[in-house]
Amino acid sequence: MREHVAALHAELVRYNLVVWTAGNVSGRVPGEDLFVIKPSGVSYDELTPENMVVCDLDGNLVEGEHAPSSDTAAHAYVYRNMPEVGGVVHTHSTYASAWAARGEAIPCVLTAMADEFGGEIPVGPFALIGDDSIGQGIVETLKGHRSKAVLMRNHGVFTIGKDAKAAVKAAVMCEDVARTVHVARQLGEPLPIAQDDIDRLYDRYQNVYGQRSPR
Amino acid sequence: MREHVAALHAELVRYNLVVWTAGNVSGRVPGEDLFVIKPSGVSYDELTPENMVVCDLDGNLVEGEHAPSSDTAAHAYVYRNMPEVGGVVHTHSTYASAWAARGEAIPCVLTAMADEFGGEIPVGPFALIGDDSIGQGIVETLKGHRSKAVLMRNHGVFTIGKDAKAAVKAAVMCEDVARTVHVARQLGEPLPIAQDDIDRLYDRYQNVYGQRSPR
Amino acid sequence: MREHVAALHAELVRYNLVVWTAGNVSGRVPGEDLFVIKPSGVSYDELTPENMVVCDLDGNLVEGEHAPSSDTAAHAYVYRNMPEVGGVVHTHSTYASAWAARGEAIPCVLTAMADEFGGEIPVGPFALIGDDSIGQGIVETLKGHRSKAVLMRNHGVFTIGKDAKAAVKAAVMCEDVARTVHVARQLGEPLPIAQDDIDRLYDRYQNVYGQRSPR
Amino acid sequence: MREHVAALHAELVRYNLVVWTAGNVSGRVPGEDLFVIKPSGVSYDELTPENMVVCDLDGNLVEGEHAPSSDTAAHAYVYRNMPEVGGVVHTHSTYASAWAARGEAIPCVLTAMADEFGGEIPVGPFALIGDDSIGQGIVETLKGHRSKAVLMRNHGVFTIGKDAKAAVKAAVMCEDVARTVHVARQLGEPLPIAQDDIDRLYDRYQNVYGQRSPR
């Protein structure tokens, strides 16, 4: 599990979602009230299975020599309150963060966005780091929402998934659609997709796509 | 053929036309009613000649252990209805998809665009995945058109070519001109190129350029 | 020290902050009135610990076979006048330089910016190379300012830090926020962050974040 | 010489100035009426000293198994008419080509641009490939101009230099300033630099900068 979560950080780097140490992946340990997360202030080049840290669902360090990511409280809050979530990702990826800086949801004008997010990507509240505010903002926004991504106002993006890899995929797709819709809107208004069509695309993608798993 | 089509996917990655698994290349098997295509939901790093799949022109799996790409029906429809086509590529590349999201054709304001596409890059209809709608939209738009690329509304781009490599080249050039014309228009209107000059450039490029093959 | 400063230039390349030879890192030699800096006109591929040069705080060459960077006088002026500074970085990174070309400070509309810079990133004066003008402009702008980065008008960005690595981090973060705020503003006005919240974020980040060092 | 010119094409790739085969470098053979240039339609990965071609100053193939670049006539015209030129580069780099598509010169609002180009980067005429029109447009625009780069209308950029490396540097810097000035203008007007200051910067850079050579 440490190895898997450590390796997934390379996807954040590959898709240019992070600079320096500003982004992190966590994954719930199956069958236990624990999750694996990036250590704080460690560069992506230096991440190894060994220096990943393990926390309980209150965000307390259980195993590891480094302090856990400064975003650990937000991850922990999500795991405590959304039992279906097995992975959480946080980034300040450029285009998603730009929508977040304006406090504007990304409208669903691409079929790939209907597939992955089932509609718009919503905006969560402005929240300061240091207590459960960020976690609460994520959970309030995403509970009962199709979207696996939330744009936290003036901050960045959090994504969730059934496991860490699905959350990473959501982070990659979120930035991709944030960028494409941004570029589209620079020269005019994108054409809307009818709600019916969004629903059909989302249903199909959740149930048919891929090799073995539905996502 | 499997090896060739597998290797061409690396060009999609190299030119940043795809993220995660969202893009695919196929190539017609010369002399047979078959084509090779990417398996569904498999990452570009994991593509090998062995896991590529072979389909008949109705899109049925003929050979391979994985399910074919979810876009297989569209590829198959093109091969059935455009016998001159030997390769098909589909991507959600950022700038081409942005034009597609607005449902706007890319005007021919670059000599490289006149060379490769012979004029504007047209927009195809909005079409849902699941039947022949996408394939029909591609064929209706490109039949009798000089352009080897079509911007499918709110979706992405499909390109065709005499073989898979030519279709990949068209996908690379489509994104390149989509980006340059976008950037040009951000600060004003690009100057038009006279139709006569577009015709001359297109004729010359189709007949003179390159080492041995006309394309 | 030469090895460390030489290696840090690779971060400028990795984060696309520089092209050709247009950017440089220097680091103060601990306990001595000396600093290590990039040689002039040498490409990043060719930088080695051996060809880095050592200068005194007047910018005179003390050790090394190459001429020091043409920006050495500005680095030297900073070290002479800001004893707390242990590292200086200069780049023409695209988005920071674009704000500098308009002579416009980057407003603090991202929590990451409050963390790292404690508020807006200010603009320094237009100054010609060749004497102490650039150094003076940097010091006048950054003395008593929270920001570790200054946008020199029509020129580029200079960043400072307690050591060379911290200055490189500031250069990376400066371009990152310059880009994100630019992108945000392309489609409307970013939402402001209250000064109180900026202060809280800055205080926390300077005192809590990371493994062992406060920055 | 073939080795040097072949290797310089890697810089076009490194700085993202080219896609597929759309860009080329040539270098005059010192002391002879010959130049080395890229073969037509060969990918950058496949370039070797052996497959580079040698042409005379009328653009005729003198040595090599491949056809010379389709832009050879333009390169040859420049060498015939500007004896001080030892290298020529042609690209369709995105931002430079976007200015060229609008037929708009890049204003000199960055000190790095004053250094390298001594003022604005001018626009050359619209010209079709196939005779000396492109070469004439380049020479007419650059003769007696400080700029080493010309934006050919609706086409792309040509740069010249005392040797092939200097021309490549000019191509890299041209795209860099084209991008930065574009980005600056997206959110307002860049501040002008006084002509006197441009002159001082240009003079200094041509005479002082670098290790041994003035450029």
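Annotations for the structure displayed:
So that you can tell them apart, the chains are marked A, B, C and D in the order they are listed, and the count of residues begins at 1 in each.
Keep in mind that, in the parts below, a contact is a pair of C-beta atoms (placed from the backbone, for glycine too) under 8 Å apart; a residue touches a chain by one contact, two chains touch by 3 or more.
If you want to know which protein each chain is, UniProt gives these names: A, B, C, D = L-ribulose-5-phosphate 4-epimerase.
Here the structure is a predicted model, which is why all the values come from computation and not from measurement.
When the partners of chain B are compared with those of chain C, the chains appearing in both lists are A, D. Chains that count as touching both chain C and chain D, per the definition above, do not exist in this structure.
The angle of the rotation superposing chain B on chain D, based on CA atoms and rounded to the nearest 5, is 90 degrees.
At the chain A-chain B interface, residue numbers used by both copies make up under half of all numbers present, so the two copies contact each other through mostly different positions. Using the mean of the Cα atoms as each chain's centre, the chain most removed from chain D is A. Centre-to-centre separation of chain A and chain C, using mean CA positions: 31 Å. Centre-to-centre, using mean CA coordinates, chain A is 43 Å away from chain D.
Multi-chain contact residues, meaning those touching two or more other chains, occur in chain C at positions 186. Across the whole structure, chains are in contact as follows: A-B, A-C, B-D, C-D.
Note for the complex: chain B touches chain D at residues 15, 109-112, 169, 172-173, 176, 179-181, 183-184, 186-191, 193, 197, 200-201, 204, 208-211.
Within the complex, the chain B residues that touch chain A are 19-20, 22, 39-42, 66-67, 70, 92, 94-95, 97-99, 101-104, 126, 128-130, 153-156, 182, 185-186.
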